[in-house]
Every structure is written in C-alpha cells, then in structure tokens.
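Worksheet: the structure to be examined is printed underneath.
Letters A, B, C and D name the chains as they come in the text, with residue numbers starting at 1 for each one.
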Amino acid sequence: MNNAFLPIALACAVALVSAVGVILARRPVHAVVALLAHSLCVAALFLIMAADLVALGQVLIYSGAIVVLFLFVVALLPHGGIESVVPTGRVVSAVVAGAALLAALAAGLAVGAPTAPENPAGGVEAIGRSLFGPLIVPFELTAALLLVAIIGAVAIWRRQEPEPGAKASSRAASEGSLAHTADAPGATGRQRLLDEGGPAR
Amino acid sequence: MNVLASIPPPLGSVLILVLGTLVILLLTGRLSNSPTILATIGVLSLLGAALPAMGGDALTRVSVLGVVAAGLVGMLLVPSAELHNSTQRPEVAALILLGSTGAIVLATAGELLSAALGLETLSLSAAVLVALGRGARPLEAAFRYFVLAAISFAALVYGLGLLLLATGSFAWPRPGVVDPTYSYIWTIGVLLIGLGFAYKLAVFPLLWGPLDAYTAGAPGLAGFVMAASKIAAVVALARLAAGAAVPMAPILIGIGLVSIIWGTFGALAQREVRRMLAYSTVANAGLMALALGCGPEGRAAAIFFVVIYVLTILLAFAAMAGRGTGPLPFGEVRGEGLSATRALGLTLALLSLAGIPPTPGFWAKLAILDASWSALGFWPTLVAVIGGVAGVLYYLRPLPDLLALTRAHVSSAPAPAVWFAGAAVVVLGLAPGFAYAVARLAIGG
Amino acid sequence: MVSALLSWAWLFTLPGLLLTGLGVGRPGAASLIGPVMIAVVAVAWLVGPRAPVEVVRAGWLPFLPDGSFHLRADALAAVMLAVVGIVSTCIYVYSLAYMAEETPASRRRYFMFLDVFVGSMAILVLAGNLAVLLVGWSGVGLASFLLISFWHDRPGTLAAGVQALAANAVGDAALLLALVLVPANCGDLLTLQTPGCLALPGGATLLASLLLIGAMAKSAQGPLYFWIPSAMAGPTPVSALIHAATMVAAGVYLLVRTNAVMATAPRVAAATAIIGVLTAVGGGLASTRQANLKRGLAYSTVSQLGYMFAAVGFGAPFAALFHLITHAAFKALLFLSAGVVIHARHGREDLASLGGLRRVLPGAYAAFLIGALALIGVPGLSGGFSKDLILEAAEERGVFGPLAFFGLFAGVFLTGWYIGRLFFSVFHGPRPDSEPIHAPSPLMQWSLVPLAAGALLLGYLEWPRGILSGVLGDTVAHAEVVHFPSLLGFFAGALGMAGFAIAFRRDRAAVAQPAAAVEEGGWVGAVASLTTGVSARLISAHSGRLGRYALVSVLGIALILLLGLLSSLFGISAPLPASPGVRS
Amino acid sequence: MNAESLILATSASLMALGSAGVLMRRNPISMLMSIELMLNAGNLVLVLAARIRGLVDGQSAALIVLVLAAAEAVIGLGLALALFRDRETVDVDAAAEVRG
C-alpha cells in the first residue's frame, strides 16, 4: 500500500482535522458538516484499502443516512442546539483523558502494522461468501439488532404521547407536542419523529 | 426438519425469541389493553426458548436458563410496570424478549463478532427499557446509560479490529494462536473487548451508567436489565479469561478489588433501598470479577455466584415492582405498603444478599472466598471477606421496618414473579451443592 | 433415642415459629414448645445414657475444604443446650407478661425473632465443624440485630442494632477466613489442632487468632465491647437472654470447644488471658460510672465474660464453662428483676428516676439481691464456686507473674462495688416521685424462681461430687478441683462484700449524667466517621454529570490498558507463537 | 513509517478524539457524533486488518458495524430528543436528578 502513501496521508490528515472539527464545533450544524467530511475521508481510506463495498456502505449508510439523520435532529433542536461556552475545566479534562487513552493505545500499538500484501483480497463476491459463510450468524443477528432499533425508536417516541384518557389534551399542551394519538402502524421512528417534532418548532 | 435440527441450540432459542417478538408486534393493537395475554405470550416464548438450549452443553444451559429466568420475571412484571405511557406494554414485552436474545447471544456466541452484536442488542434494549419508566428520572438515567455503554462498546469494536489484526480471526482468544510480534496488539485488543463486557458487569471504571439505570428505571424492568446483563457478562468474561489469562486475570482481580471497596463504601452511605441495591451490585460485581481472575475454580465460583445473585436480585426487584420509579427510603418500606408476600420476598432477598446462612447468597460468597484464597492468598481474600461481611451493614438496615409490616396493601401485586424468584432462591439455598456442581460442569472441570 | 433427638434440637423451635407466625393461639404461647423441648431433651440426655451422636452429611458445600453438614451432640453441647433451654424457657414465660402491652402482631414478631435466635443458638452449639458453626453464628447475630432494633420507631434503636451488626461482622469475617483457609478435610472443631490442619501460612497462631477475634466479637471483649451497652436498647428480656446469658457466651463456648488449638498457640493464649483480665477490670470500672440500670448490668456482663476469657487463656476451659453456666443463671436473674423494676416504673431505666422500691417490689428486691450476691461470689453461692476456680487458675498459671491474678482479684472488689451501687440506688433511698407503680404480674415473678434457685445452687453441681465435670468428661480437656471452703474464696468474697458495703455508703451521690442511647466515642466513633467521610467523598463523585462519568471511564480504560500491557510485559508467560492467519 | 502504521495511528487518534469529544460536549447530539467517531476508528482497524491479513472477514465485519452504528444512532437520537422535550435545554448535565 506504500505506493499510495500520499493519498493515504492526505485522507488521514483530513479525517483527523475534520474529527477535531466535530468535537470542537459549538454549533451542531457545523459538527454535522465536519462529520460528513470525516465520513467521506474514511470512505476514501476504505477505497484505498481495496474495501470497495465498505467504502460504498460508508458513503450510503454513514454519509447518506446517519449524518442526514443527525442533520434532521439538529434542525429540531431549540436554538439550533448551540452550547454555551465550554468551561476550561471540561476542556482540560477532555484533553487529559484523550491524551491518556492515546498514550495507552500508542504504548500497545507502537510496534506498528506490517505491510499489507500486494494483491488485496476482496470484492463483492468474496464479501458475500464471507457474510453467508463463516459470518452468517452475526449477519443474521443484525436482524434482531435492527428490530431493537425500530421498536426502540418507536417506543421512545410513543413515550411522550398522551395516554388516551381525560388529561390527554392538557398533558399534550404542557409538553408542547401534538395532540393526535393515533399510532400509525408501521411508521418508523424517523417518520414519527418528523411528524410530531416538526410542527412543535 | 433437518434444517431445524442443524441449528445450534442457542440459535434455536434466539429464533424462538425473535418469533415471539414478531407475534407481539403483530398483535400490538390488541395486546395493549390486555396485559395478561401479553405476558402469557411472552412467558410462553421464553419457556419455548429454554427448550432447544437443553440440548447444548452445560455452559449453554446455565446461561440460557439464567437469562430466561431474568426474562420471565421481567415479563411477569410487565402488567404492573410503571410506564410513562401505559399503552406501551407490548413494546416493553418485545424489548424484554429481544434483550434476552442479546444476552443469550452474548453468553453463548461462538465467535466475538456475534458476542458484540449480542452485547449491543442487549444494551440498546436495556437503554430503551429504562427510558420507558414513569417520570423524568428514568429518561435521564437511560441517556447516561446509553452514552456510557456506547463508549465501552466503541472500545470493544476497536478491540475486535485489533484482535483480527493480531490473529486473523474473530475466534475467542486462546493461548498460543498469536504471533509474538503482535502480542501487544493482541493484549490491547483483548483488554478492550474485556472492558466492553465489563460494562455489563458494572465494575469500577464503568459503573456509572448501570448505577443510574438500576436506580431510576421501573423496578421490574431495571431488575431484568441488571439480571440479564450480569449473567451474560460473567459468562462472556469467563470465556475471555479462560482463553486470555495473561492480560485479563490480573486486570480482573484489580478492578474486582477496587469495585469491592468502591461499592461497599458507596452502599454504606445510602439511605434508600434502590440506590443501596445499585451500589451494592458494584461490590458484588467486584467479587465476581475477582473470582473470574482466579483460574477454573474461580470461574466456576463466579458462575455459581452470578446464578444465585441474579435470582436474588430479581426477587428484590420483583418485590419492589409496581410502587413507582422514585426512591424508596429505608424508613418508608413499611409506609409504602408492600403486601405481605412482597415484604417477605424483599426480606428473603436482602438476607441472601447480605449473606446470612442458610440463604444461597452465603454459599455463593463462600465459594468465591475459597477460590480467592486458593488462587490469591491472604490479602485479596481479606479484602473480599471484609467487603462481603460489610454487606450486612447496609442490606439489613431496612429489615426492622420491613418486618414490622402491619397492614397489607391492595395493589396489582406482582405475586407470581415474587413466588417464582422466591422459590428459586429457597431451592438454591437448600441445595447449594447441586448448583455448584452445575457451575463446575459448565466451566468444564 | 434421646441422643438422636438431641442432634435435632436445632429444629425444635420451628413448629413454634410457624404456629406463632400463623397466628395460632395467644401470641407467643405456641413458641414455648421450642425452648421447653430443648430443655427437656438436653436434661434427659444428661441424666440418661449420655451417648454422643455425630451427624455427618458429606458434600453439603462441595466448594469448601470441609463442606460437610456436621453436627456433634456430645456432653458439652448437651450442657450448653440445657442452659440455653432452661434460661430461654424462663425468659419466654417472663416475656409473655413483659410484652403484654404490645400489639398482638408485634408480640408475634417478637416471639418469632426469639425462636429464630434459639434455633440458631442450637445450631451453633451442636456444630461439629466450622461451616455449620458459621450458620448458627450468623443466625444469632441476625436475631440479635432484629431484637435490638425491635422497637424500630424509637430513636437510636436502629443505630444500636447496626453497631451490634458491625461488631458481629468483624467476628464473622474472622471465622469466614478461618473457614476458607483451613486445609481440606479440616473443618472439624475438635481436630483443628492436628499438624495437617495447621499447615497453612501463619499456622496455629493465625488460626487461633482468627478464632479469638471471632470469639471476642461475639463476647464483646477488648476493643469490641462497644456494642453491648447500645444493645440494651432492645426489650429487657432480650437483654437477659441474648446479651447476658447465652449469645454473648457463644464466644467463650467456641474457645472452650477449640481449646486444643489455643493450647498449640501459647502466645495467643497469653493474649486471650490479657484481654480477659483487662476487659474484666475495664468493664467493672465502666459499670461504676453508668447512669442507666441496664447499661450498668451490660458492663457487668462484659466484665464477667472477661473472667471467662481469662480462664480460657490460663488453660482452664472447665473453669470458664462453669462460670458461663452460673453466670447465665444469675445474670439472667439480675436482668429479669431489673425488667420488673423497669416495667413497674413505666419504662424508666435511669438510676436517677429509680429508688426506694424495696417495699413495693419485694420479689424483685429479693431476686436482685440473690443475683447480686451470686455475682459477687459470696462463698456458697453459685458465682462463688465458679469465680474461685478462675482465681485459682490465675494464681497457678499466671500470665506476667501474679499481675493477672491481682487484676482479677481487684476485679472482685469492683464487682461488689458496681452491683451494690445499682442495687442500692434502685431499691434503697427515697422514691424520686410518687407516681404509682405498675404491679408486676405473677407470671413475671414466678419465672424468676428457677433462675434464683440456679443462682443459689448451681455451684453444688460441681462441689462436692464433681457431677458437672463427670458429665463433661474429656470434652473440656481436664477439670480443676473445686476447693470449698477455701481461704482464697473467703478473701475474694470478703473483698466483694466490702465493695458492696462501700456502695451502700455512697449509693446515690455518684449518679452520673444520663448517657446517650448510642455512644460513638473512641475508636468506634473514629472508624464510623472515617467511613462516613470516605463514603461521602465517594458519593460526591456520583454527581449526575455525564462528562465526569465519561472522564472516569476513559481514564480508567487508559489505565487498565497500560496496566495490562505492563502485566503482560512482566507477566507470567507471553502468548505462545503460532502461525498467524489461521482461522480457528 | 509505512502506510498501514499511519492508518493504525490515525485510528488510535480518532479513538482518543472521540472520547475527548464525549466528555467535553454537553450537547447530546455532539456526544453522539463523538461516539460515531470512535466507531469509525474501530471500522478503520477492521478494514486494515482485513487488508493486511488478506481476509475479507474484516470488511464484512465493518459492514455489520456500519449497520450497528446506524441502530445506535437511531436509539441515541431518540433518547436525546426525548430528553430535549423533557428539559427544554441542550445541556445534558442541567438539572441532573439521579445522583449520589
């Protein structure tokens, strides 16, 4: 991989700088944009490492879905979610903790990684064979995980709903949400999130 | 049929649990008004999930049965759970089934990637279950639980990557399969994976999230989260420590000792049952971590301990279920009107947790102390002994008030859950040898 | 038949417990079954065939070096069970009257706790190995805590109970350690001293020290005395049964049972003697300064237990056991007659509010006087015989030359003084007010009679025929010969009576200020406040701030990674080399 | 330093940056984004290991981790939004009720 050293170095540098941007931005919108840049750089690294499908997934799932999801949520925040100034103590503790973790990892990883072979394994077919071969169990288990995510998102959202009962309207008003209680079957957490959260803004 | 027969036992349990979840989801609209039918479906799914596991090895059986017991108690408490929105019982039942799935996968996974997925399934279900409790406190606690779980999970994923780099596979670490040039990378990887599992055990540096979740969640649901997490984490850590004794054993012993001290002092300061139980769980997790670092005898003792501890803690939470998500000060255990069954259940649980013989908690503690003495000698055992006996100073405090119960309180008493967990505790107390033999068998010795 | 029954004595209280719990009959009456059966079976065994029985069920706790369920019903156990059974029968009967003003539910609870106590005490006494001993040991501690905190609504009772728990926890910890660190097949209480069983780091000294610490915690010796005065917050019959006659004597019983271990560790034996002498004198001194009747008696118990410890330390376990038996009778008698007084004065225990009760409570007056004279050791009364035996042992096998003997001898004077002070300030002098007294019921007074008889006559069990030592045989090593009448006994009795007489002269002058319900001074207070401080500091880390939690978590992870790397760098063995890239 | 070690170092730095971000920010959304950084660091190592070892398992695992990150984001954002609506503030530490 050393013939691609410069692109790799560049992608790594941008990924790191944008990561710093993510954690330093006071406006969440800026952080989301930095996260997008970071995600694309990571995708580029994947591409260089001959992990085409992962790079594609990174762009589609990360940049396409996760980052956009973050963007939506930021749009729902009061005042755009701007934080007040971070106290110095917090910054210091963050630097200390980050440095400590980096030092610990570096102490173990200092031996460095060996050079990769010239001909990378990979390709969609190979990944398919791996996912439906040795990794079939974890692959199938993602189904249960996604089920949790869907149920969880719906459940957390439904938590706020007024219960069908006498106090429904007053509670809804006090919590600043819409008064409709119909539970559209099959609605994903994201849709419902937009349904109820949007007009409340 | 051949296809079904070829499914490994734990996956059969997983399949049945996911099917149960789907049934509940399909019937959500109808079930939200009939909690009894809902709980019945859930209980049947859990009992069904226990069946295929009986064909597995001893460790599979112990861990699946433990998780199923946790799920059963959780499920029996669904009708009386204190939810923010009481129409959410179907979701809660579904999440209990999925959380049990995650715990079973974590405990029985054949390789680490599955274990990681199981862990995450359990974590996410747990966070949502905690969040659904009544009031603002559960939500706050759930968010903290989630963020801290995510940190340790990210560490686990990173460790998974390093382990793949060092060994070229996701197999559970075994001594002798790593290239010496990678030994440090391997060490870091194993440690990070171990820390990911340790979050579920709630030991020293990773204790805050679980503490909040156990304190603020609806009691029945918090009890399930605690029980399922502990048993899965102990089994997973036992496998990890069996294969990677070199970095894991001393670390487990160290964090175990710190957790014992931390949890004991923390619990001594409490004047409220929920948080006292939460802090004391740190001390107990410390005992388990200590035992996990003590070789095969210690691992058997840890599994013995966790089975007993899980049933006891389920009994305690079942007894408190249905009386709100707020704190339960020592002096109010009587005033709040626990029914006689529940007061008796809580008493039994507290006695067992405090390690008063002949309750099973005492046998469990003895087993750990003995393993610690054989492996580590005097001083660590002394710390464990002191941590163990100091338990009486906080566990027994509510007892005079609890036993002075004079009036029965009419409520949707979760009696079946209390009876189930109580019977399990009594049986384990009377037949400690049997449970230990099973644990010994499970660890393979 | 009787022998087999004796080994089941620990279950005798179960029927009474269940009947009382289910609400059958007058609250507590059903519970009498247990102690009566224990007393009858134990006495029947002693006058009958006296065939020892051992019950061993191996593999009860497979994870322990000696995890068999092992009971030993021998002469020592039978004598102890007879004491426990007879004293607790008297106290149950007394309690039926004493607790009559409580609500029925509360009375049921009280008697159920008492049943738990008597059952646990029976297990403790019958235990054949350390594992079973620990079951009874913890059980009596729990029952003691529950009974101290019985009036949970009164301020200070919970704190007093927790103090008792704390002291018990120290003892439990010591015994737990002893249990896990004896080698395999070595739990038997009678064979702990064999060389194979002492093959542990520290050897006999460590094992004997652990047993001593356990016994000290239970018997409130040395620095672990602190919980007994607070324990007086419980009902008075409980103080009589648990915190005077039986449970606190369990430490002495344990040391008598395992005195062979003590014999192999002479330094620990000397320490036992010194602790005993210091506690005997210190307890006596403390008792002379108490403003509360029950606390005065409590310190007297501490002091008398000190005599027993000293006897064990001198290598005279029979003397210790003999004093344990006589003490059970006269101290229970003292407490119960104090209970009559307290009951009559509507719960007042302060010496300042008692006085002049001689005429209105003649029964209690006589009973207290008998108890006091037996306690002082007047020649011919039960305490005289047993205390003489201890003094003789001290004289013969002194520690630090004659110092220990002089200490104990001086203690006799203190005994006379403090008990005289309590006696005269309660029964003599003027009445502090004219409030009518609460007349004691006949049940209460009659239950004092057997104890009074015991206080007067128990000494004749050993003198002149040596019945007791004959029954006990070799279960308490060897028995010393009682000399009566003896010069030493005469002098000791005279000294005690001198103290008693001095107390009459200055009875009411020296009543100190009423003490707090729970004392938190000295090292106990220091430890308690240190614990509270550490706990508070630690709890403040639980601040509700996610950032802080994350900080601790991340720093912890980093530290663990570094330590893990270090441990594998210097560790036991590096992972073995193997061909990389093999999927396994 | 070869390119592989550079990527390894980058991933370690991302881990550290992510953890620093979680404990510096008070805004739950920013916290969640920092956690995403940490998961990305894990993915980088997985893919790097796959490349070095000549195995595709690492790539498959990375895909699974992507799914996992998405699931985590959904739940995390759901909780964060619920928290906003409860508290009407973006500061997670404001008005902490569960403590000590």
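Note that in this section contacts are C-beta pairs under 8 Å (C-beta built on N, C-alpha and C of every residue); 3 or more make two chains touch, one makes a residue touch a chain.
If you're wondering where the values come from, they're calculated on a predicted model, not measured in any experiment.
**Student:** Weigh A-C against B-D on C-beta contact pairs and write down the one with more.
**Tutor:** Between A-C and B-D, the larger count of C-beta pairs in contact belongs to B-D.
**Student:** Per the centroid of Cα atoms for each chain, what is the distance between chain A and chain C, given in Å?
**Tutor:** Result: the chain centres lie 64 Å from each other.
**Student:** Just curious, how far off is chain D from chain B if you go by their C-alpha centres, in Å?
**Tutor:** Result: the chain centres lie 25 Å from each other.
**Student:** Could you please state the distance in Å, as a whole number, between where the Cα atoms of chain B are centred and where those of chain C are centred?
**Tutor:** Here the centre of chain C sits 39 Å away from the centre of chain B.
**Student:** From the C-alpha centre of chain C to that of chain D, how far is it in Å?
**Tutor:** A distance of 60 Å separates the two centres.
**Student:** If you look at chain A, which of its residues touch at least two other chains?
**Tutor:** Counting only residues that touch two or more other chains, chain A contributes 90, 93-94, 97-98, 101, 104-105, 107-109, 113-114, 134-135, 138, 142, 145, 148-149, 152, 156, 159-160.
**Student:** So which bits of chain B are touching at least two other chains?
**Tutor:** Residues 113, 117, 120, 124, 127-128, 131, 139, 143-144, 147, 151, 155, 162, 165, 168-169, 182, 184, 187-188 of chain B each touch two or more of the other chains.
**Student:** Please set out, as single numbers or ranges, the residues of chain D touching at least two other chains.
**Tutor:** Where chain D meets two or more other chains at a single residue, that happens at 15, 18-20, 22-24, 26, 31-32, 43-44, 48, 50, 52-55, 57, 61, 64, 68, 71-72, 75, 79-80, 82, 92, 96-98, 100.
**Student:** Indicate which of the five shapes (line, ring, star, complete, other) describes how the chains touch one another.
**Tutor:** complete
**Student:** Under the touch definition given earlier, write down the residues of chain A that touch chain B in their complex.
**Tutor:** Chain A reaches chain B through residues 104-105, 107-111, 113-114, 135, 137-138, 141-145, 147-149, 151-152, 154-156, 158-161, 163-164, 183, 185.
**Student:** Which of the residues in chain C end up touching chain B in this complex?
**Tutor:** Residues 59-65, 67, 103, 105-106, 109, 131, 134-135, 138-139, 141-142, 145-146, 149-150, 152, 157-158, 161-162, 165-166, 168-170, 172-173, 176-177, 179-181, 201-202, 531-532, 534-536, 538-539, 542, 546, 549-550, 552-557, 559-561, 563-565, 567-568, 571-584.
**Student:** Once bound in the complex, which stretches of chain C touch chain A?
**Tutor:** Going by the criterion above, the answer is residues 547, 550-551, 554-555, 557-559, 561-562, 565, 583.
**Student:** Flag every residue of chain B that touches chain A in the complex, lowest number first.
**Tutor:** 11, 14, 18, 21, 25, 28-29, 84-88, 91-92, 94-95, 98-99, 101-102, 105, 109-111, 113-114, 116-118, 120-121, 124-125, 127-128, 131-132, 139, 162, 165, 181-182, 184-185, 187-188
**Student:** Using the touch definition up top, name the residues of chain B that touch chain D in the complex.
**Tutor:** 113, 117, 120, 124, 127-128, 131, 136-137, 139-144, 146-147, 150-151, 153-155, 157-158, 160-162, 164-165, 168-170, 212, 215-216, 275
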